[in-house]
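In what follows, chain A forms one complex with chain B and a second complex with chain C.
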Partner chain A sequence: MSYARPHAGVHPVTHLWRKITVTDLGFSSATRVENGKLLIDKGELTALLRSDPNIKDVQLTIARPGDPVRIIPVKDVIEPRLSRIPGYPVFPGVLSAWDPDSDGIPSGEIVSLCGMVVTTVGSIVGFQEGIIDMSGPGARYSLFSGMHHLVLDISVKEGTERHEHEKSVRLAGFKASDYIARSSLDGPLSSGTLETLYNPADPGFHGSGQSGGRKRVPGIAYLYMLQSQGLLHDTYYCGVDVKKMPPRRIVPTEVLFGAIVSGNCVSACDKNTTYHHQNNPIILDLLRGHGVDWDFVGCVITNENVTLGDKQRSSTQAAELIASLDPDGVIVSKEGFGNPDADLMMNCSKIEAHGIKTVLLTDEFAGQDGASQSLVDSHPNADAIVSTGNANEVIVLPPMERVIGDDRVITELAGGSNKCRLPDGSVAIELQALIGSTNQLGFERISSRFK
Partner chain B sequence: MSDASRNGKYRIVHYVNQFFGGVGGEEKADCEPFTIQGPQGPGRLLEKRFREGNADAEIVATVVCGDSHFVEHQEDVLRELVPLIRGYHPDLVVAGPAFNAGRYGMACGGVCSALQPLGIPAITAMFKENPGVDQYRKTVLIVETANNVSGMEEAVRKMVRLGIKRLRGEEIEFPKAEGCFEQGIRKNYFHAEPACGRAIAMLLRKINGDPFETEYPIPFFDRVDPQPAIADLKGITIALVTSGGIVPTGNPDHIESSSASKYGKYSLEGLETLDARTHQSAHGGYDNTYANNDPNRVLPVDEMRVLEKELGFKRHPWYYATVGNGTSVDNAKKFAKEIAVELIRDGVQAVILTST
Partner chain C sequence: MAKEIERAGIPVAHICSIITISQTVGANRIVPAVAIPHPLGNPRLPPEEEKEVRRNLLRKALAALQTPIEEQTVFS
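Presenting the complex of A and B:
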């Protein structure tokens, strides 16, 4: 499948995306895909992960869609992928050194294993880790309930400092994902679906192509806000902690390669796991309609730092970068809630001040009864909002036959309470505790309205 | 609850004020509650329209109360009326319509609201500017009417349509579709399309100048102007209040790590500083490693003691703490109101608020 090239004569970065769907998981003596089933060498993978001196033990477990299983507390979810571009690895800057500005982003092929994910759990690091239910009412709220999971239940050595603990668990997920992709996808591949994604041309060429400078379709940009409050609320771009990085443009399909990874324990419902970044639907939809329904003029990533000075500086720079792309409109997605609402409103008002239209994606925290206001900040220019649901709304999850991880922590999770356990073994818990339930990249269908 | 009564009819109790109850006008507004068997005034029209709507309903009693008497003695009146109404085993209670009569609207809303917890369906109707709308829209189904009695026919028609649904046990998920005021309550639902596609479609409409509807209308926010600085602190009492979740070790009040439903009040009597053995953070929205190591980082008791000696103010022996993480603004407002009342009562003249 291919899409129209928007600017003849300019060579935008192009990526060929091959997707190989996995229909089941199992353990075996050698890691490989056989007849659609991913087989994993437990010993080899465990040994690889235990080479981290902080890690004491790793239990590998499989969970399938429809299983009576609860996975808790989930830290990250990752889709295994292999870059077929020599010298350009997946998780650039994380598992190996990479500087996107000096090394560039080469065109070429990437392969992903679809339908399965690597999911990390283990004793709680921050309160804001979450739940995936593989069946029952909770399964309706998360795309992860429809996937096969290889769950890594990781315990660290006693005395491991909290931030080191988070880092070891985070890296273990990437290493496992990379190991699976390398072991099962290397070599000639003929199967799978193929999609070609053409990135926007450099902004210097914008409007100088065939159209003779006259826009025939609207120009749309994307402002991608990344959680960077610090202290267990971090996101990394090419291995760089984004709270220490000014807003910048990226090549949109960099996300396919894991250029943005999650390192945060912000509330489960609206944190972007690494999977969410790898599959960002705003980027993919904008690329797929690019040159036909609109011109996707570029993507800017920005942070959500905690100090007012940082917020003001980042929003000013982000708005200027967006304006330099000369779009008619911009989609702004937020990560997290509360403190980042202020960043969202600053980004919105400063972009609108450039005469550029905005649509904001946000979830809501309107209280369990839905009666409170939903965001902690507002601006009159925020007149076009897509709601991804009230994360405070309570859902009752019946008990599951099997728990992967440790469900004793459920009362401590953000969204739980000391009263959330019901006499019949169910838990009445806010949607907040379900991984990805109110995701602000727009994966899910849940929304909220006035009754 | 939608079971018809023994003779096969739905049982309805109707609440009206002194005017519609046939007692008299404003001069009778202090009339005490009483009951009439069967329908009275607009009740006759209601009953007729219910039957025309194929709902075999009977107004078994009409409860009448003077508007001034109700609002001046609301608690007492409800304590009397709720068991009385319940005694009729109604399938539905209809109050009003109250149009733009303010005290009548407050009474209708008050009666309906008091019956909800008993599982008795209750509906009312008023004009949009009736103060009863703002007071009760969140909990009571209120049909929108004209501002005076000339809108009686239409009001009754809409109330009957809604009443029949309630009698048949239908839950009204989105009141606006039934001609009622929005309750102003956010309710989740599954949209046909993922949020991402909706965002792009909304942006294209906004760019093209086509009409679009935001999914969350931005509310007007209260902004509080900072008070002028206090020039001389000598002799005044200063309190500490925090949303940073510093609580005595063990979190005795079980303040939630997110979406707090309560706050705590704790003694600082005799404390020169906080330490990691006696205090901790209950907050789930930030990494509390450093607050747990030294709780003064969030609740600066140590610095307060230094400044107290230097500047000569008095310390308030209590502090208040909650968790400001995903906590609804309504809850936060409620906490603030209660805390402020106590602080003023206790003679506190200034507060240092710390947050995280």
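Presenting the complex of A and C:
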């Protein structure tokens, strides 16, 4: 079983996270941040993205919080970041070769542009991409509505196969994000906030643990489930398709560098976009309380595959890896819904069989009235669950003055239907169609209570 | 669906990929299928072998329907 190791010298791996806040976006002749405004060289970025032979055209558009704008169909959302660690790139293994097991994870600084994101849209590939509304009732369900978006509306050449289409759009988002970060952050930086994040010590390391000498606090591990069912439902770790990879430990702050990226065209509400992975709140909270409120003993990533045998094998390996960290309790987060509920229950029951308590984060598909069975699978030991909301709940979204992308696809989104258009131009649609609305990492505000 | 049909007095064999879900939902005769994207076939096999896989699944399901059971049973 391979472990992402810390780079020789510094233990535990420590990352300094600098955040530069962007308050507005605009286009200009040179990409840079000026007085809090990110200016983007449209020509240079467009030329970079069009160097992909599959891409026919890219339209760059800006959307701001409060604008009467609907962005649809959204494929991915990405926060531009720059690694200031020589030789360790952002999106390791994706935009450049990187093997975490031979190269190690070095300590150092990462800088992010906060308050703005790169958002990719394009003609529909998997029928299940979603909506971001920048104002109105839909905006209450997504933190993305409060951010500035550089939207890349990408069209590919005719005849491009669907997986190639998805890959070109996915890589375009990362290239644009990397270009913006390199162009605007690669120099002396004086502003921004700074946070230091200490990772858990490696198992078997007997150095100066942060909790040394203090009273014992509970050991908490995190099992991070990643959608990996193929059929354009995929996630990548250091460029490797996670369905082809056994469960493994990661250094938690690897996610800050974009080690986990989304290639998902699944239901919008509970897929993790790359932004969600870069800012995983479970990892960040566990790191922030590490050594004080609890000992964060480690993070294991695992997949959600499509055969019973693969699900059984992955859940057994994940539970063994978790048990090797010797935690008192484990937080398990799920991605997607339906058959991933079976993976969730197998992970839960096999970890509990090691005598370790679990808490599960999941959304629910309990029908529009909330009265139906909300998960397709269950287990008697799954007795501590945090719900992130009922994705079948219907919301009415009024028409928007401006659409970025193509809103004709709204009836085809998961959560929409051919009857969802109302006479006044509104749409009655399930929360399912809104990007991140029931995110199972706990990004948003809705939940449900057991009555 | 399986439960409603059985409620009407007709036995059901549920062919499904993830049998734990079928068990949770309450099907009585469960026949494991191939995979979620292709429950009744295997595109990696040559056509003759795939036909055999499909034929076997159907035979298993028909046999399950004819087998008296006392509790949830997986016919693997």
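As a working rule, the second predicted complex is superposed on the first by the 429 of 451 C-alpha atoms of A that agree within 3 Å, B and C clash if a C-alpha of one lies under 4 Å from a C-alpha of the other, contacts with A are read in each partner's own complex, and residues count from 1 in each chain.
In the analysis below, a residue touches a chain if its C-beta (ideal position, glycine included) is under 8 Å from a C-beta of that chain, and two chains touch if they have at least 3 such contacts.
For clarity, every value in this text was computed on a predicted model and none was experimentally measured.
With the C-alpha superposition on chain A as described, chain C and chain B clash in the combined arrangement.
Once the two complexes are laid over each other on the shared chain, residue contacts for A:218 go to chain B alone; chain C is not touched. Of the two partner chains, neither chain B nor chain C is touched by A:87. Looking at the shared chain after the overlay, A:308 reaches chain C, while chain B stays out of its contact range. In the superposed pair of complexes, A:412 makes contact with chain B only, with no contact to chain C. Of the two partner chains placed around the shared chain by superposition, chain B and chain C are both touched by A:376.
Contact with neither chain B nor chain C is seen for A:146 once the two complexes are overlaid on the shared chain.
Of the two partner chains placed around the shared chain by superposition, chain B is the only one that A:328 touches, whereas chain C remains out of contact. Within the superposed three-chain model, A:43 lies out of touch with both chain B and chain C [touch as defined at top]. By the touch criterion stated above, A:229 is placed in contact with chain B and with chain C alike. More residues of chain A are touched by B (comparison of chain B with chain C).
After superposition on chain A, the stretch of chain B that runs into chain C among 114-122, 132-140 or 222-230 is 222-230. Once both structures are placed on chain A, chain A residues 229-231, 339, 376-378 are touched by chain B and, in the other complex, by chain C.
Per the touch definition, chain A reaches chain C in the complex via residues 229-231, 306-308, 311, 339, 341-342, 345-346, 376-378. For chain C in complex with chain A, the touching residues are 17-21, 24-25, 32, 34-37. Listing the residues of chain B that touch chain A in their complex gives 138, 173-176, 182-200, 202-204, 206-208, 212, 214-216, 218-221, 254, 256-259, 261, 284-287, 289-290, 325-326, 328-331. Contact residues of chain A toward chain B in the complex are 126-128, 140, 162-163, 218, 220, 229-233, 267, 281-282, 285-286, 289, 293-294, 328-331, 337-339, 357-359, 361-362, 364-380, 382-393, 412-418, 430-432, 439-451.
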